[in-house]
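Same chain, two partners: chain A is paired with chain B first, then with chain C.
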Partner chain A sequence: MSVRRRRPPALVLVAATAALLLFALPLIGLVQRADWAHLLDDLRTPGATEAMRLSLTTSLAATALAVVLGLPLAWVLARTDIPGRAALRALVLLPMVLPPVVGGVALLSAFSRRSPIGSWLFDTFGIQLTFSPAGVVLAEAFVAMPFFVITVEAALRSLDPRYEQVAAGLGATPPQVFRRVTLPLIAPAVVAGAILSWARALGEFGATITFAGNIAGRTRTLPLSIYLQLESDPSGAIALSLVLLLVSFAVLIGLRDRWLGGGRP
Partner chain B sequence: MRHRHLLAIVLATLTLLVAACGSSAGSDGTATTKAPAADGSATTEAPLEGEITVSAAASLTESFTDMGKAFEAEHPGTTVTFTFDSSGTLSQQILDGAPVDVFASADEKNMEKLTDADLVKGDPTVFARNQLVIVTKPGNPEGIGSLADLPDAGVISLCGEDVPCGKFAGEALANADVTIPEGSVTRGQNAKATLAAVSEGDAVAGIVYVTDALAAGDAVDAVEIPADDNVVATYPVAVLTDTRDAALASAFVDYVASDDGQAILEERGFLPPA
Partner chain C sequence: MTLDAQVQVDLDGFALDVALTAERGRVLAVIGPNGAGKTTTLRCLQGIRPLDGGRIVLDDDVLDHPAAGTFVVPERRRIAMVHQDLLLFPHLTARDNVAFGLRARGRSRRDARQQADDLLARRGLAAQAGARATTLSGGQAQRVALLRALVTEPRLLLLDEPLAALDPSVRGETRRELRRTLDEFTGSAVVVTHDPIDALTLADDVVVIEHGTVAQAGSLGEVTSRPRSRHVADLLGTNLVRGTARGTELRSGPAVLHLAEPLEGEVFATIAPSAITVHVSEPEGSARNRWPMTVTDIEPAGERVRLRLDGDLPLVAEITAPSLAALGLQVGSPAWASVKATEINGYSR
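The block that comes next holds the complex of A and B.
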C-alpha cells in the first residue's frame, strides 16, 4: 500500500479546509474592502508617504544592524563552546516569543531618559532614543534580529567543517577562511535571514509604539499609521495594509526555494 | 465527480462554522440560574442576577471599576465586566456587533453614532463631566506653566485626533491660540496610553483629563488649564438595544446616576452633570 494517499480522509479534509479558510477569509476580506479606485490617492497622502518612507528606512537600518551584530553572534553560538550556550540561545530567541509590547516596556526600562543607560546617553552625548527614528530602529532590531541569528546559526551548524579545515590546512588565516570559504557557503542563509528579519522589522508595532512613541514623520511607521487611521480614515488604513500584504507576498516568493520545499538536494 | 465531493465538504465545513458561531451567540443569551443570595439591603425591586458587559471610555477606568464593585456588592449574584478603551474604538466595536450591554462614552459624538444606528435603548443619560489638565514629569522639571509653554518644551503626548481627549485637547490649544508642531507630538490610542507616555515614557508633558492626572498620583504633576481655554467633556451612558439583560443593564445605568454612583465619580475627580 502506498504511503501517499490519492485522497485524504474526509475528516482530515474538513479540518484542513477550515484551517485554510482561517487564513484565506481575512485576507480576502481585506482585498475585497479595498477602495481600488482611490487606492493610489490613498497612498499618495502626505501621512501615507511619510509612513512608508519612515518604515522603509528604519526597517532597512534595523536589518543592517541585525546582520552586522547577528552574524558574529550566530558564529559564536554555532562554533564556540562558551559556557551557558543553551541559555544564551534561549535569550536570543526570547524576542521571537515575547509579546512585542513587553519588549517595548523592557526597552523603556533600559533606555528611557530615566534609566541609568538612557540618562547617561542623554547627559553625555545628548542622545535620546525614545521618540526618535533611532528608537524605532532599536525596537525593530530587538524583535527582528533573532530571525537572522537562528537562520545563519543553522546554516553554520550544517556546514561540512572539512571545507574550512582544508582551507586552514592550506595556510589560510581564520579571517581568510571565514571570508573566502565560510561566508560564500552560508551566503544563501545570510540573505534569507536578512529578508526574514526585514519583513519582521517592517511589521513591528507593539515595541515601537511603546518605546518610540507615535510621532508623525519621526516614529509613526506603517503599522502605527494603520492603527491610528483605522477609525478616521478606514480606506487609507486598508490601502496601507495592502502595501504590507503585498510586501509579505513578495518576501514569500523571494524565499520560496528555501521555505516552500524547493531547493533540496 | 471528485470536485463535487470536495465542494460538498467545503460547504459542510462552512455550515459547521456558521452554526458554531450562531449557537455560541445563542447560548450566551440564556439566563444564568444562580440562586438569589439573601439580600438585606435597601433595594425593594426583584433581586437582580446575571452578567453584563459595560464598554466605558478609558478615562472611566478607575471610577467604573469602583462602580462595578459597589454595584456587585449591592446586588449579590450579579457580575459586571468592563472593557476600557477610547470611546471611538468602543463605539466602532459596538457598531461591528460586539456583545455589549451598556456604553459609557467620553463625548456625545460617539454616543450619537450608536443612537443614529438605532443601537441605543431609550435616551442616553449624561452622568458626569470632565476637564483637561496639563501633566508633566514629577516636579515639573521643564517649568511648564501654561499651554503656551508646550510648543518648545519637547515631545508632548496627546490623544489621537479622533479620540475624544485628542479632539478636546485640540480645541483647548486652539482656544489658547497655541500650535504644537505635529513633529513633536506623540499620539496615544486613548487617554491612558497618552498619560503613560508621560508617566512611563519620555514625553515631557501631555494633555489628559483631570481625572487621569488624579489617578496617576505621584507619577505626574498637574498644571491647570484656565477655564477660558479649557474644554468640558460630557459623558453620556446608555443601555444598548442588543443587551442580553435589559433589567440588569438599566439597573447599572441607574446606579451610575444615583447618589452612590455620583459620589464615586466625584471622589475620582469628575464634575457632576450640568
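The block that comes next holds the complex of A and C.
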C-alpha cells in the first residue's frame, strides 16, 4: 500500500532548489568551460601526465599505508578496553576536521630535517620526508587514514561477536579467527574504507603543499598541478579537474550500495 | 563424570549459582524461563564469560577456577556451541563451514573438505555441499551447524534452543534427527531450552533453573514424576511413558496404550496428570485406555491433589480435593485410571 506523499511547502522547495544549484552550478560550469576538442592534448602534456602518474602512485601508496596501519588500529578501537579510548578515537578523527594546511604544518614540525625525528631519519637512514614523494604519501595518509579507520571500526562494532566465539569453540586461535572469519565478514567495509581514503588521498592539497612542497615530478600531484596551471594554462587545469571529477563519480558509483541504497522508502 | 561445573556469576540484579553435571554420552537439559541465567551459564562454559566463583571441570581438566587463578581460553576447551540462529559463517559454503574446525586444527584444505563432503553426503546434503550457507533451508542449515560442531569431536556440545527457530512443519523431524545425533555422540551434551518438549525428547537428565538457582535437578524420569515445586510441576510435571508403537497401539511393559495418531517404533508419550480420570470401580463407556491401579501416595498440591497410582502403568494423576473426598480414596485403596486417546501425546524417539 502506498501512502500519498505530502507536497513540500513552497519555501522549503525554494531553499532545497537553491542548495541543489549550489552543488550543480559549479559542476555544470566546469563541464561547460571544458575545451573538449583539445581535452586529450591537454592531458597529454608532460606536466599533466607526470602529475597524474605521481598522484596515482602516491595515493595508492597512501591507501596501502592506511589499510596496513588502519586495520589494527580499527581493531584496537573496536575490540579492546584500553584506557582513554575515547580520547584515542578523537585523535584519530582529528585529521578529518583539521584544516589540511594545519596538518601540513604539524607534519613539518614533526618530520622536517630540523625536527628530532626528521633529523634522526636523515642521519640514520638518509631518508628525507619533506619535499619528497615519500612526504606526499605521508601527508596523504595523514588526512586519508581516518576515513578507513572509522569505516572499518563501525563494521567491527556491528559484527555479531558470536561468529568469532563459535569459531573459537571450533578450535580457531585468535589470528585464525581474524583471518578466516572477521576479515571476510568485514571485507565490504574494508573495501569501502580503502576506496574512500584513496579518493581523499587523491584530492589532498593543503597538507601536501605545506609538507612536501611543490616540486614538478616529485611532489606536484594533480591538485597542486591544477592550482598552478589555472593562471598559465586554464584549459589544462580544467582538463585535469575533469579527470578528478570523473574519479569522484566512479567512487560514488562504486560505493552506491553503501551510501545511496539506504534512503529508499 | 565428564562435566562437573559450579557456575557462579554476579549478574545485574541477581547472583547466578548453578551446579551442572553431565556424564559422558548423556544429554543434560537446562530448562527455565527467559532471564533465569541459562544463556550466561552457556557463556561461562564456553569461556566467553569468566566465572566469578565456583569452577568448571571437564574430563578432569580444570577449565575455570577463579579461586585458583585457572582459566582456559575458549579455543583450547574443545567445547562446541550450536546457537538457536545457528550462525553458519555466511561467507563460506556448507562444505567449508563443516571443514572449518578441521582446518583450524591444522588439517590440509583438501583433507578437511574431503571429510566435510563425506559427512554432508551421509546426511543427505551432498547436493548442498557447494552452496553458500545463507542459501540453505532451515532444516539443512541445522544439520550443517551440527556437523560443523561435531566434526571437531568436542568433549562437550552446547545447544542453545536448538529447535526454537525452526518452522513447526520441520521441527518434529529435526528433533528426531537431533535425538539420533545425540545418541551417537560420545561426549557430553548440554541443551538449553525453555520448551519442555525439547527437554523431554532430547535429555537424559534435567536441571530446572529459576532466578539464577537450581529449582530441581535429576534424571528426566525423577523430575517429571516427582516435581518438587509448583513451578517445576507446571513446567515438567507429566507422565512419561516409553515404549514401542505399532500403529495406534503403544506397548510399555505389560501395559497397552491406545493412541489417536499412529506411530511406529521406539516412542515415548506424555500424559498430563490432570488428563487422567480416577474411578473407584472399572469405568464404563468407550475409554479403551483404562487400567486397574493401587493408590500409593496422596500429596496436596495447592487446590489440587496428586495421586500416585501403581499398576501395569504407574501414573501420577491430579484431581481436585472435593473429588478426592467424593471418591473416598486413601493410600492403599484400589482404583481405576482412564485417559482419552487424544490426551496421550506420542513422539518418535
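Annotations for the structure displayed:
Definition applied: the second predicted complex is superposed on the first by the 256 of 265 C-alpha atoms of A that agree within 3 Å, B and C clash if a C-alpha of one lies under 4 Å from a C-alpha of the other, contacts with A are read in each partner's own complex, and residues count from 1 in each chain.
Simple rule for what comes next: contacts are C-beta pairs under 8 Å (C-beta built on N, C-alpha and C of every residue); 3 or more make two chains touch, one makes a residue touch a chain.
What you see is a predicted model; the values in this text were computed from it and never measured.
In the superposition on chain A, the chain among chain B and chain C reaching more residues of chain A is B.
When both complexes are overlaid on chain A, the residue A:A216 reaches chain B alone and has no touch with chain C. Touch criterion not met for A:W75: it reaches neither chain B nor chain C. In the superposed model, A:D160 makes contact with chain C only, not with chain B. Once the two complexes are laid over each other on the shared chain, residue contacts for A:P184 go to chain C alone; chain B is not touched.
Touch criterion met: A:E231 reaches chain B, while chain C stays clear of it. Residues common to the contacts of chain A with chain B and with chain C across the two structures: none. Residues of chain B that touch chain A in their complex: 2, 6, 9-10, 12-14, 16-17, 88-89, 92, 155, 157, 160-162, 182-189, 197, 200-203. Listing the residues of chain A that touch chain C in their complex gives 160, 162-163, 165-174, 176, 180-181, 184-185, 187. Partner chain B is touched in their complex by these residues of chain A: 7, 10, 13-14, 17-18, 21, 105, 108, 112-114, 118, 128, 130-131, 210-211, 213-220, 227-228, 231-232. Residues 46-48, 73-75, 77-81, 83, 87, 89-92, 100-101, 103-105, 148-149, 152, 154 of chain C touch chain A in their complex.
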